[in-house]
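The structures considered in this document are given below.
Shared between the two complexes below is subunit A, which pairs with subunit B and subunit C, respectively.
On to the complex of A and B.
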């Protein structure tokens, strides 16, 4: 027997200690997360026929409660969820509860309410809602038919939505790259599932879901690769450390910093549908159930831009500007490709998808102003666009032929003559997307472009000019829809507008009214966005 | 961020300024008191009418047109009262600013919505409300049998409100709102009879041309914001007058001019005006002759300090005006459609105004004076044309008219006054305004007075020819009517407005022109006419030359279109005639220069998109009816290619970054 040498225990680093968690500051997050968990329990224990009603009520109440608790959180702003590094006594905070974060949380919550209300639409009966009765069954299979006959409903969508909203709220609040990655995945995974649950055209929907998942995973890999490079550069994943390291770091390390920063941005730009990471957008927007599309378009964009703002303004905002060139290129590409391709679309949902890509480009112009004014303008833009887009997709879900959504543009011909109110509201939303005065879209565009011209230097001016040119292009797109609805004759097999229940009507009305109110009297929200534009570091 | 609650309460206080209404305006304008404080009613009244008629639906069918007309007259009464109050003050105290509410306020990014009631805007207010109200009255008769006339009056009211907002705005941003508003109203009214596809196309064409112009205006506003940090008239024009960078002023000026060209149908954006005649005739009279199309001239005159600081931009304004006035005149000579001929004439007359506006202080007042006179006589002639169409089963081909002077005495007489006015025959109104523009065009040094002066002079001769041609072909010579028409005079609702406008065309110039009343009135806004500026040709000689040319033009028209027979089908004509009939090939040029490359660009991008990036555009749509196996096959391929695109994008951008650093 040989003597066994005693194992030399490696010296453990002084343990990380939990230092502070301000629970009131993260109250909105906790409420939403809690609601989501209760939703899972409801799914398990509540009787099938009552689940839908319970889930809808629970989600809406939870979201409203969380929105109300933002007022509490606003009094507890600052860095929180901290850890103290025992060896160096450094404090590392995982969350930053500050103006932009809370503004985005509030916006996501309120837009989330509208989204949930649209998803709850059942058109007064069993069957015609947006979601498949049995998500796990093969399209066209006997299981599916049986589930449909039994009147099954996919009420899981509500807890899933709540989880997604939780991730979205977390996304602009995180203060380090790992936390940001976790939030990214938390918000994405429920969306991948939700995209695949359409009742009709399930193959298209599942295709969209899978594509979204594959490409989302691909972009996450870019994000992680970038995180690794930035860690290599700064030795930390916390934004504060990153920013300090950039301020003092050697120039020779740019080879790690610049690609690292860009690769992290790739993960975020994918979520907003910026070119060249946009390819999924039209397919997923078209394939996903329409209420989900509206929810995604409004809330994901808001969350991801919140994260982009924090990364650009807090994590990387010092000294080194090389990486901004990449964002400038992406912004230019996004505006041009989004607007030009929107011109030739023939499907309403794809048209709105390309419109959303173009809008992402316009918002990026505001981000690139690198100024508080730019932050305020971006926050305003996200809210303005979000409300309009939820209402627009909700209207798309009403226009039907033989029970299925009629999304081909030719099917919308002459709609204005037969359903003037619905078509009028849609036309108004189109004007908002086009940025015509007296709509929120105009104020929003004016905000980001003037911020870019004001503080973005020569680059900002070029971006704003291209932006204005591209908005001129998109005006043709929206005008074409309006002309089609009001000045063309309806085809023989004309579409119908189904009468929605109170919930969808409410979403459409609020979305449209917000579009008008933010266009006529935007001061209140602009003011709020301006006050909320200061990041905590 | 403070707490949300605090923020909300404090921001709602900014809204309360809306209720407070009035506040002192910075700059030269004074705070509003008395009746002037209610100037916002000018915009509110017609807007209310539009809202009631559009939202009230069929219930308002009965009283809608009358209500709209009454509200339009109401706006005129308010305008007249404000005008009287203004007369009561000294020349320097006449401009009044009215703050309505803080429109956009966030940090340093502030725009307040307010009105500027000064001498210049007052001229427009009176013109718009008076002529507008007359045309409302006329429309009650003209649209009597149209089932949709409620909608028509709603749009008309909407137009009046937007146009008043345009001229009363105290900032470029609010002006832009009015600018878009009149564009929208114009678009809706041109396409009013949209069941006719050609009319809907015409509406779209107007929309497109106007978008190009609006794009210029919005760029100008952004450059202003960048350079001055503000977009209100007081700051922008004040600073442009004192310490301006010429480069920026030139950029702003040219972009403003682009906006003006779109709205006022000036070269090279003139193509839409002829097609816009598809709208009902009262619309042509109000929007496409008297008011909206002159908004460009307003914009240039209002922005005078910017153009003064940018001589290059000013020169371009003059060139555009000169080209358009000849262009419109030449086109007008060949048109057989009475409304299109009048439209060409409008284009040409606005060219005169634009030319005058570009000449600087010697021309501003006369640009606006001619605008006012033109508003009267051209609106009158359009209403006359409408009356003729009414009596002739809505025909517009002048080769099928002739000898109508007997059948429609009032129309003929009022039209004759308009005709004499546009020819510039003394003492009719056109003489006092157009002659002055021709004189002003001859003022200056070097080549400019000769080139621009001759353009204006020759234009006057051509104007005499084509307007006389129009007049003679319609009212004189042999009757060339189709068999089924029985021309008759229109009803009183239509003739009275024509008579009123004819009276204005006959005497208004005589009252305001030679007495110097108009120029004195505008002086605080446009600046005094410089002393000792004389035309390069003595004034009496110039006047005589003009009259001779006008007489020659009219005589030529008499020979060819009254004495000789007019064939009912147009003869082949010379090359120039053929070109003029096709608007000097402007559509073809637009198509070749703008449309085709645009389409090509889109197509090639779509091609790249569908083959390389986004095959699903066509693919998915085709697959809706396709089989599931095919779907799966295609799907695999696409996801891969999407990922490839992303990777290629990352690599390309990283490469670009590497090259840049």
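On to the complex of A and C.
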């Protein structure tokens, strides 16, 4: 018998190395996660009549505390939660607490506060008005009626939202592909549930939830497959290793690198609703409870773009020429399809969904600038768009007919004459989406386009020109809404604007004021975004 | 170079109407009261504007005076920088004079609705006009390209609402068309604005005009940038073939809105050509001259021909403006001192004469309830005073010597002839066409047999007499209307007889602009004389 050659085992480190964790650097994440867990306990032990108040207070306090702790975390920037391999000197850290990550975390937390406050709207009922009392029951069934009669309420939406926010904060912070995948799932799963909980038009909501879940599962699978291919290429899932491997790797291995990079990007582009991975956006935006839609549009987009930025600028930066052209194509398609299809919409929520697709395209133009200025512009854009969007969807949730939201465009006719303040605020937000000067939307667009023209070369200029033309198309969309509200006469069965509680009023007011303030005096936030635009490696 | 001012005159000028707008819109009280307050605020602005104008030093060597400069968005290189040269100053003063006149003329434009909030619509209307005044001051006073762009775009919004909410039956269409045309032009300019900054020195104040003047640009880049800016201004001005939004917007909006739109806002287009196209891209401007001049002449002739064919009074007046804007652009792109000065003066005069035509025609329309010219005839027999001022406005519009427009038209043609003889000759025929469209309109509206069923106001008391039953008495000019007409007619006469009061302010600014051009294109001869040695 010949001796079998011993299997070559990877050499293990000589001694066990403990990974280091800087707990202060991840304090915001811990606070939000802790709040979510406490929320689950509250759900189990607090009396029903007090649960709503406790949950809302807990969530808002938790989010604000986490936002405050960002200041602490900002003093502990750097790679954390991992170790430096003693033998090879490789940086094996799961989290990168740096400027872009902390900026996104703060933005998600503050927009999350507004999101939670709009979800908390009760309109005098026992539970949050937008959510069905029994999500598991068949729509229109006896179980549903019984649950409503028994006074059931869906206060579990708040812990779910907190889990989603935790995932969103983690998403742009992760420094390796596996961590990014975990964050992706943590943020997505609660959103799938939240999308299906609408109180009215429940079938539409459940359909949206199922669609989001199925397509989301597909995109996660793409992401995971891409991760596997990239691991096969680089032998590591850490972004630092990936970047080094691409810089020195042989061309023959591109068969793994290129599809791997594409598939990972597909997973992320799905989350921001970029064309051709956008098909879920209008349906989910329309079907989900309106406050959830606003929250999702603002915060998911921020988180996913944070992750895209890190992947594009830290992980796959050295292989840029392999995937840039594909991303340019996606950006062009996203802008064109989003703005052109927005023209034909007749439902307010679908219109805003296509508008959000178009905005995703504009933000991608900033990503493709491949420059610090581009990063800063993208960060600013996400905040500007997020605040406007939450306020816009909150207003949509107020316009009602017979108790249900009136989202068909024709129902908004003449709103400006009967409810000038609400319609005025909405018109202002529309102007911001259109990018009219003295609104945050203009500064944001100026930022991404000037970054693209400045450092994106000829491609950047083409992207900016197409972006500008698409802006002109979207102006038509938003102007049409204004025409309806202010220049048309109200129909006989006119809609009402219900008077919201303090919490919704607060988030609408803050969203609108932020839109104005960031348009007139943007330099403070621009400065912050600029200082936060350096990635740690 | 900008001469700084210790008192922020221009900011104050912009703030007064803005505060006025807020007061008018939100302070409770009757609509009548709000109207009076609106007029009050606009008059205060005018007075402050005149005081500011006295601080202007004609002999100063600085390009801009009454300057202010603060850092606004340093990350983008944007400053809040204001300042005026002679050209901007006269245009601002024209806007400040026209605003109270328009407010006064707009007194009954918006009927007060019944109910507790009935007056709110009136208040909104007057407040929007005041907001517009703020932006008009800002757009002419901005000495930072970005700031100019912000005002240039932002002023579309009040106009959009003025047309869309307070206009005629097709106001939705007109408002949308106006917005889309203007924004399409503006967004193309945005790309050029960004690219211009990147060509310049950059830094935290890199958008200042003085930083961007005299750059040595690559010719292709410069031409592309020029086209980006010029396109926006040509839409705004409006020049054929980008003019189609104007007749719709002017006809469907209320007379006061139409006046400010055509009289002041469209001047931003021609003003922008001088301030940005010529000063920042001199080489490209001379390169584009043949095309621009051809378009200008086309506008002169085509606008006039279309005006002759109109049956709607407001449409007719807007087409005459297309024709007049052709003259202005011709004078600008003649690159002579005389042509430039004439064009600038033309902008001012055109503001007053268009205001007169729109507002006086609106007085007729309010009496008759129709904008169609064939619905009139013989009205000088029942409203002689109105017919009189209408004739003066028309004669000023067609360039009768002694009235304002003549001086500017003549100066433009004299200034353009040395460098653009063929174009000038063709454009001169526009004057004949002008006589045709104005006099034809006057003839159809005012002369002829007395209109059936209508009598003058003097016969109002005798309507009960037998044989006069069924007749309606038409009022001649009311006191308010006389107050609207008087300053406009005074402006025609003063600027027609003593044009130097404006030209003396304009000329130094024109010299400085053309000096910039000549620095870049030495072959140019702004004196307008034929240089020695050149072929004749």
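The working rule: the second predicted complex is superposed on the first by the 506 of 537 C-alpha atoms of A that agree within 3 Å, B and C clash if a C-alpha of one lies under 4 Å from a C-alpha of the other, contacts with A are read in each partner's own complex, and residues count from 1 in each chain.
The rule is short, and it goes like this: contacts are C-beta pairs under 8 Å (C-beta built on N, C-alpha and C of every residue); 3 or more make two chains touch, one makes a residue touch a chain.
Model, not experiment: these values are computed from the prediction.
Trainee: Looking at the overlay, does A:236 come into contact with subunit B only (first), subunit C only (second), both, or neither?
Mentor: neither
Trainee: Tell me which partner touches more residues of subunit A in the superposed arrangement, subunit B or subunit C.
Mentor: The partner with more contacted residues on subunit A is B.
Trainee: Look at A:436 in the shared chain and tell me whether it touches subunit B only, subunit C only, both, or neither; answer first, second, both or neither.
Mentor: both
Trainee: Touching A:472, do we find subunit B (first), subunit C (second), both, or neither?
Mentor: After superposition on chain A, A:472 lies in contact with both partners, subunit B and subunit C.
Trainee: So, A:70: does it touch subunit B (first), subunit C (second), both, or neither?
Mentor: The answer is first: A:70 touches subunit B but not subunit C.
Trainee: Now for A:84: first (subunit B), second (subunit C), both, or neither, which partner does it touch?
Mentor: It touches nothing on subunit B or subunit C.
Trainee: Is A:341 contacted by the first partner subunit B, the second partner subunit C, both or neither?
Mentor: first
Trainee: Under the contact definition given at the top, report the residues of subunit A touching subunit B in one complex and subunit C in the other.
Mentor: Common interface on subunit A, subunit B vs subunit C: 376, 436-438, 443, 446-447, 449-450, 453-454, 461, 464-465, 468-469, 472, 475-476, 479, 483, 486-487, 522-523, 526-527, 530.
Trainee: Could you list, by residue number, the parts of subunit A that touch subunit C in their complex?
Mentor: 376, 420, 431, 436-438, 442-443, 446-447, 449-450, 453-454, 461, 464-465, 468-469, 471-472, 475-476, 479-480, 482-483, 486-488, 522-523, 526-527, 530
Trainee: Given the complex with subunit A, which residues does subunit C contribute to the contact?
Mentor: Checking each residue of subunit C against subunit A gives 71-76, 120, 149-151, 153-154, 156-157, 160-161, 164-165, 171-172, 175-176, 179-180, 183-184, 187-188, 190-191, 194-195, 197-198.
Trainee: Would you tell me which residues of subunit A are touching subunit B in their complex?
Mentor: Touch residues, subunit A against subunit B: 70-71, 74-75, 77, 98-99, 102-103, 106, 139, 201, 203-204, 207, 210-211, 214-215, 218-219, 222, 254, 258-259, 262-263, 266, 270, 275-277, 279-280, 282-283, 286-287, 322-323, 325-326, 329-330, 337, 340-341, 343-347, 350, 372-373, 376, 380, 408, 436-438, 443, 446-447, 449-451, 453-454, 461, 464-465, 468-469, 472, 475-476, 479, 483, 486-487, 521-524, 526-532, 534.
Trainee: Show me the residue ranges of subunit B that touch subunit A in the complex, using the header's touch definition.
Mentor: That would be residues 1-5, 7-8, 10-12, 14-15, 18, 101-109, 173, 176-177, 180, 191, 194, 200, 203-204, 207-208, 211-212, 215, 218-219, 222-223, 225-226, 229, 601-602, 605-606, 609, 613-614, 616-617, 620-621, 623-624, 628, 631, 635, 638-639, 641-643, 645-646, 648-650, 652-654, 656-657, 660-661 of subunit B.
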